[in-house]
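As structure tokens, here come the structures.
Common to both upcoming complexes is subunit A, partnered first by subunit B, then by subunit C.
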Partner chain A sequence: MTSVVTLTDVARVHGEGEAAVHALRGISLDVQAGELVAVMGPSGSGKSTLLNLAGGLDRPTSGEVTVEGVPLSTVKDLAALRRRSIGYVFQDLNLIPSLTGAENVMLPRELDGVRTREARAEALAVLEEMGLAAVADRFPDELSGGQRQRVAIARSLVGERRLILADEPTGALDTPTGDEILELLRSRCEAGAAVLLVTHESRYAGWADRVVFLRDGQIVDSTAPVVSAR
Partner chain B sequence: MRALLRISRRDALRAKGRTALIMVMIGLPVLVITGVLTFWETADVTLSEGIVRKLGAADLRVKTSGYAKVRAQYGDDGIPPYGEGAEPPEKAAATTAAQVAARLQPGSRLIGFDEGSVEVRTERGYDHITALEVDLRDPMTRGMRPLVEGRHPAAPDEVAVTPAMKRRIGDTIEVTREGRRVKVVGVVQDPFDTGVVEVVGFRGVLLDEGDGRGIGWLADTPSPATWADTRRLNDVGLVGLSRVTAESDLSAEGTMSTRVVVGIAVAVFMVGMETVLLAGPAFAIGLRRRATALAMIAAQGGSKAHLRVIVLTDGLVLGGAAALVAGVTGVAGGLALVPLLSESMGPLEVPWWSVAGVMALGVGSGVAAAMVPAVLAGRQNPAAVLAGRSDAARDRAGRPLLGLVLVLAGVAATVLTPLTDEVWIFAASVLGLLGLVALVPSLVALTGRLAVRLPLAPRLGVRDAVRHRMRTASAVAAVMAATAGAVTAGIGVTSQDAAARASYSSSTPVGTLMISAYGADDEEWARTRQAVQERLPGIALAEAFEPVDSDGRSAGLYAERLRECASCTHLPPGVLVGDQRLLEVMQGRHDPTAAAALAEGKAVVFGPSRLRDGRLSLRIDVDGSTAKLTRFETQAVVAEAASRGVTSVLVPPATLKAKGFGLKERTVFARHQPQDVKLLREHLTVASSKVSVRLEGGYERDISIVMIVLMGGALVLVLGGTFVATALAAADLRPDLATIAAVGAPSRTGRLILAGQAGYLAGLGAGRRDRRRGPRCRPRLGHDVEDSRLRRDRLAGPDRPDPGDDRGGAVGAGERDRGRPAAAGRPGGGSVRADASAPSHPSPYLTRRILDCLCGSRSQSSMNIALNPCRSAISASVSVR
Partner chain C sequence: MSIRQSLLTLLSKGTRYGYQLRAEFESSTGATWPLNIGQVYTTLSRMERDGLVSSGEQDEQGRVGYTITEAGRAEVERWFSTPVAQSDRPRDELVIKLAMAVAAKDVDVGAVIQRQRTATMRALQELTRAKRTGTDGAAQRLVLDSMIFQAEAEQRWLDHCEAVLKEAGE
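Up next is the complex of A and B:
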């Protein structure tokens, strides 16, 4: 097993002086390939901030984030890193409404300069692998919530990427659909991907190999799920 | 790029309302300009396009030039040689068909073809219309004047007329002064001009070719005519028009002066800037709606550059689509309108390069309008947006220093610009306008502070405008640009008008009628005098005389200028020769002093600039010959004319007699304003074709239409800019309006908030005070009056009769320049909380202010809410939400 993302003593402070807000304090976390780590905690505990730092959408005030062995502090073009190494899945609004399912999946590859035909072939391959070939040419508003999340997960995996950062991906879904999404994420892990999952619900955390509890920006516990969903 | 174009194209289709709005704003100017250009190009018939009406099916059209040799030929115009022969002789030797045939390819066939004008008797007098002498039955004339009705003339007493002449087949008309009666046997049509009034007959029927000019032939040559054929004709003073030479028509080739180039550049800039300022906020609001989508793209690896390009691509896609649709519509519309609005119509023609340039301006405007939103898109924090936090970048306070510098530079440039040149006034004002645009964000912030004293609705409206400073500044700047443009143009027009009015000068007082017949013989003048007396019974007439030399040739009489300046021209002032009666007409009263001076043989000068030591310098020349030029001085006095601006000189007849000149009466003046000057002229032309009738009407130029168009255009732009910005504000204000409704505000409050913002936008934009000087109406120095008059005269051509100008413009034919009063001076006839990261959900600040207002205690702080039952109740309801 190899580390896909590693956070070492990471802190993130918003603002300065008396107005400073400590979103994260001295977080250290390592997610291995094939591992699904769930992050839980109350609102404002820093879950999303943790995900943003892991994906390079935000930079830590101190500490270091390493993705695929590359320290992000040394990376100038974080956007390029996200296109090639990191996939994001959010609760909703995951897809660009004006692009079809396949075009949404193609997006990171096209942004990376891959020719349209090649990007489409890659996207269709991922969609087919995930059983979504039939919805490839539908627009997001023609898809169900579950289908949208599946397409988003497909997009997070297109190319050579094997790190999925999922922020409440089941938040807008009913329980059976949510289970399907977690099952899918689990299967991607079995295929070698690393998944960092932020969730409120312990039900879904049951799919994880490890659960990290955050409170006031600090990891207060890190354990295997009490009840495994697998 | 394909992915970005795809996103922009699909987003444009999803947000149809916004797309339509932006496309209209970008496309409208493109549509109008391309439409006008296409209309103009098609309605204008160049010599080459309309060659068939000159040549028919012939190969060559030959005509005499009046010169012994033609040095160069452009289109249908022959250029005389340098030096000797540059002036056409008074009477050229007749050129015969045989002489012409000798210069053509052997085996050529010739038929007569003459163009000119002829007088046609009407119920009231004579009309001057276009005449053509050619046998339309000849195959060489095929296509020249297609037959509409009847048949072609077959005898000398038969003619064909165009529909615009409104004569029917069978009518008999009288042509020429000889009263030649001819019968209308056919109706023919100019192939490119439905409005031309023309009569076509046989050679010798309609035109007077006695002076040897204007005679022409059509030639059918064995092989198509070339430049070589034309050169052979040029060598003997003939002009040879063929399809080849028609291509060299200089009049069809426009050369642009610096002034025109600057005018076009300023117009392009103003149209582009106005479009950018109006469409910019629409792109900005689109950016706000797509913030999450853009953040999502950023999360998937889209860089800042990608985000910027996406927004710029919006501009490219919408600008391109708008330009394409508007361009095509404009061209089609322009072509469709030509037959409806224009009598003249050439082949359907589209000025592709100009249309492409205007469409490029549309695309450029779209991209430019998306520029600022694109920069903001690049600055967007995806993490904040994805977390549901507003990430509207704090609007900048503009660049007040740069704005101030530009405004000052603009003011300085406008002050230094000649007041009467609108193009340079516009060019200079663009600098000031750019400065004001840079100053607008600061102005918005500054004026926003004044909102504290306003009632709730307008206060919220103004504060929302201030919070969204970029959107507001753009709309205010658009309104400002439109207003400033209209004001600047208005000042330019009124300044020019005021300056022209102030410097207007004339040879005779306002209300003076002048009837003359220069070039008429004694008998004609006697008839004319009698006709005048019959038509103007009881009207006192005062004669003016024309000096003649011992050989009876007319002499030109001029007053010498005393002051010399580089820009001055030397066009002659009006010098009249007449007695006491003419003096009274000029003064409108009896002035004993002036009368006594005139009786003593002194000249009377209306305008002091020509006197030196009480003496006036006069110059006489005969037939333009400098050899016979005579200068002499005479004593003179200064007198006041009946109206201001009269700058002529009255010389007593005795003075000229003493110099050995004879006098002949060819002009009469009267203090009389006939009801219909044109009618009077028509009546008098019965007596002489050389009659000219002019009524001095003073300065006449109506600028109200120009001002109405300017103000109407500005109003449309001010309202358009305000509506767009208010519609965008309404979209932005939706969450706040929901909060207001939730706390119990009546529905009108929301409308009042928007109305308040609209009023603020329009008020700030249109309330600009132009820093330009007011119109300067009074000339600085005495000679300015004459200088500007002279400039106008030079532009208009000195004393050139204008058949369409009956009041003040000379009416009539056959006038000669010399010896008659100069027709001087006739231009035209004569923007608290500046928190840009405010949340989209009900803001505590806003809620508190609403609570303060609704509970009627604006001065109390929110800390007192618990003490006030009203506030507590509303506060609780908000908390529940």
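Up next is the complex of A and C:
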């Protein structure tokens, strides 16, 4: 097993002195290739901060975050690393309305300098994998909520991204559609990705190999890893 | 049902007569589970036989006070520190346990909640895995779904308990 993301004694403090807010304290967490780890906690417990730190969207006040063996404190261009290695799935889909599903998925690859023809082939492959081949050329407003979320996930997965960070990815979707999203994330794990999922819904955390409970910026407990049937 | 442990929990606050225990049990659990006095005395005499409580002398009104023993305290401790197993739970034991934990005042209710949350989450992971790895037809799947929803509801309730108690404590 190889670690895809490791947080070592990470703390994040906003502000200074008396007004300092300790968003996270003493967080150590490791997510391996093929593993789905869920982080649960009430709002304000530091879930999203944890995800932002894991993905290099924010830097820790102390401690270290390592993604695929690279300590993020040594990385100058985090944006490039994020585009190459990390896929984000958020509740807000933010598909670009004037682009088709396939074009939305192609976009991050084209930004990375991949040629259009190749980007399109990659996009269609990942859309096919998600059962979206038939709607690849539709615009976002011609898709259902579940389809839009799956296109957004396809966009976050295209390319060789081994770390998937998902922040409440099921949003307001109904439970069968939400289950489909988790099914997708799960299948990316089976394909070797590491998934870190933030959710306040236990039914979705139930898909994880390990569930970590966050309270007031600290990990208070976690379930033992479920022995894999793989 | 966990009458035994509930009575022991009440006795851990001090010596009580049988009728007092019944009244306290019913007021702590919101009278959701009426307890007949015969049940209380049967349980007390069995617990005395098992060395969990000891009885005092009969007073002039014919009442006997019961006192918890060290073994009884150990049993209360064991009860609160062991999560209720998802598989063989008598209905609502968790609710009684939490009501008792709150009533006892010296039990770390937050720790009871957290242990249960972790255990229930673990059960939820197993159920989800069972569902993913394939079920034999829709009926089986829906049965699993029902258990998933129950576990989910329990998690939500535990979160709610935690939030309410936190607010009450502040």
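FYI, the second predicted complex is superposed on the first by the 222 of 230 C-alpha atoms of A that agree within 3 Å, B and C clash if a C-alpha of one lies under 4 Å from a C-alpha of the other, contacts with A are read in each partner's own complex, and residues count from 1 in each chain.
Here is the rule we use: contacts are C-beta pairs under 8 Å (C-beta built on N, C-alpha and C of every residue); 3 or more make two chains touch, one makes a residue touch a chain.
Since this is a predicted model, take the numbers as computed values, not measurements.
With both complexes superposed, B is the one of subunit B and subunit C in contact with more subunit A residues. Shared-chain residue A:Phe213: touches subunit C; no touch with subunit B. Within the superposed three-chain model, A:Gly46 lies out of touch with both subunit B and subunit C [touch as defined at top]. In the superposition on chain A, A:Asp112 makes contact with subunit B only, not with subunit C. In the superposition on chain A, contact is made by A:Arg84 with subunit B only, not with subunit C. Touching of subunit A by both subunit B and subunit C, each in its own complex, is seen for no residue at all.
Those residues of subunit C whose C-beta lies close enough to touch subunit A in the complex are 114, 117-118, 120-122, 124-129, 132-133, 148-149, 151-152, 155-156, 159, 163. Listing the residues of subunit A that touch subunit B in their complex gives 48, 52, 55, 57-58, 77, 79-84, 86-88, 90, 93-99, 103, 106-108, 110-112, 116, 155, 167. On subunit A, the positions that touch subunit C within their shared complex are 40, 42, 183, 186, 201-203, 205-209, 211, 213, 220-224, 226, 229.
Of all residues in subunit B, those touching subunit A in their complex are 2-3, 6-7, 10-11, 13-14, 292-293, 296-304, 306, 382-383, 386-387.
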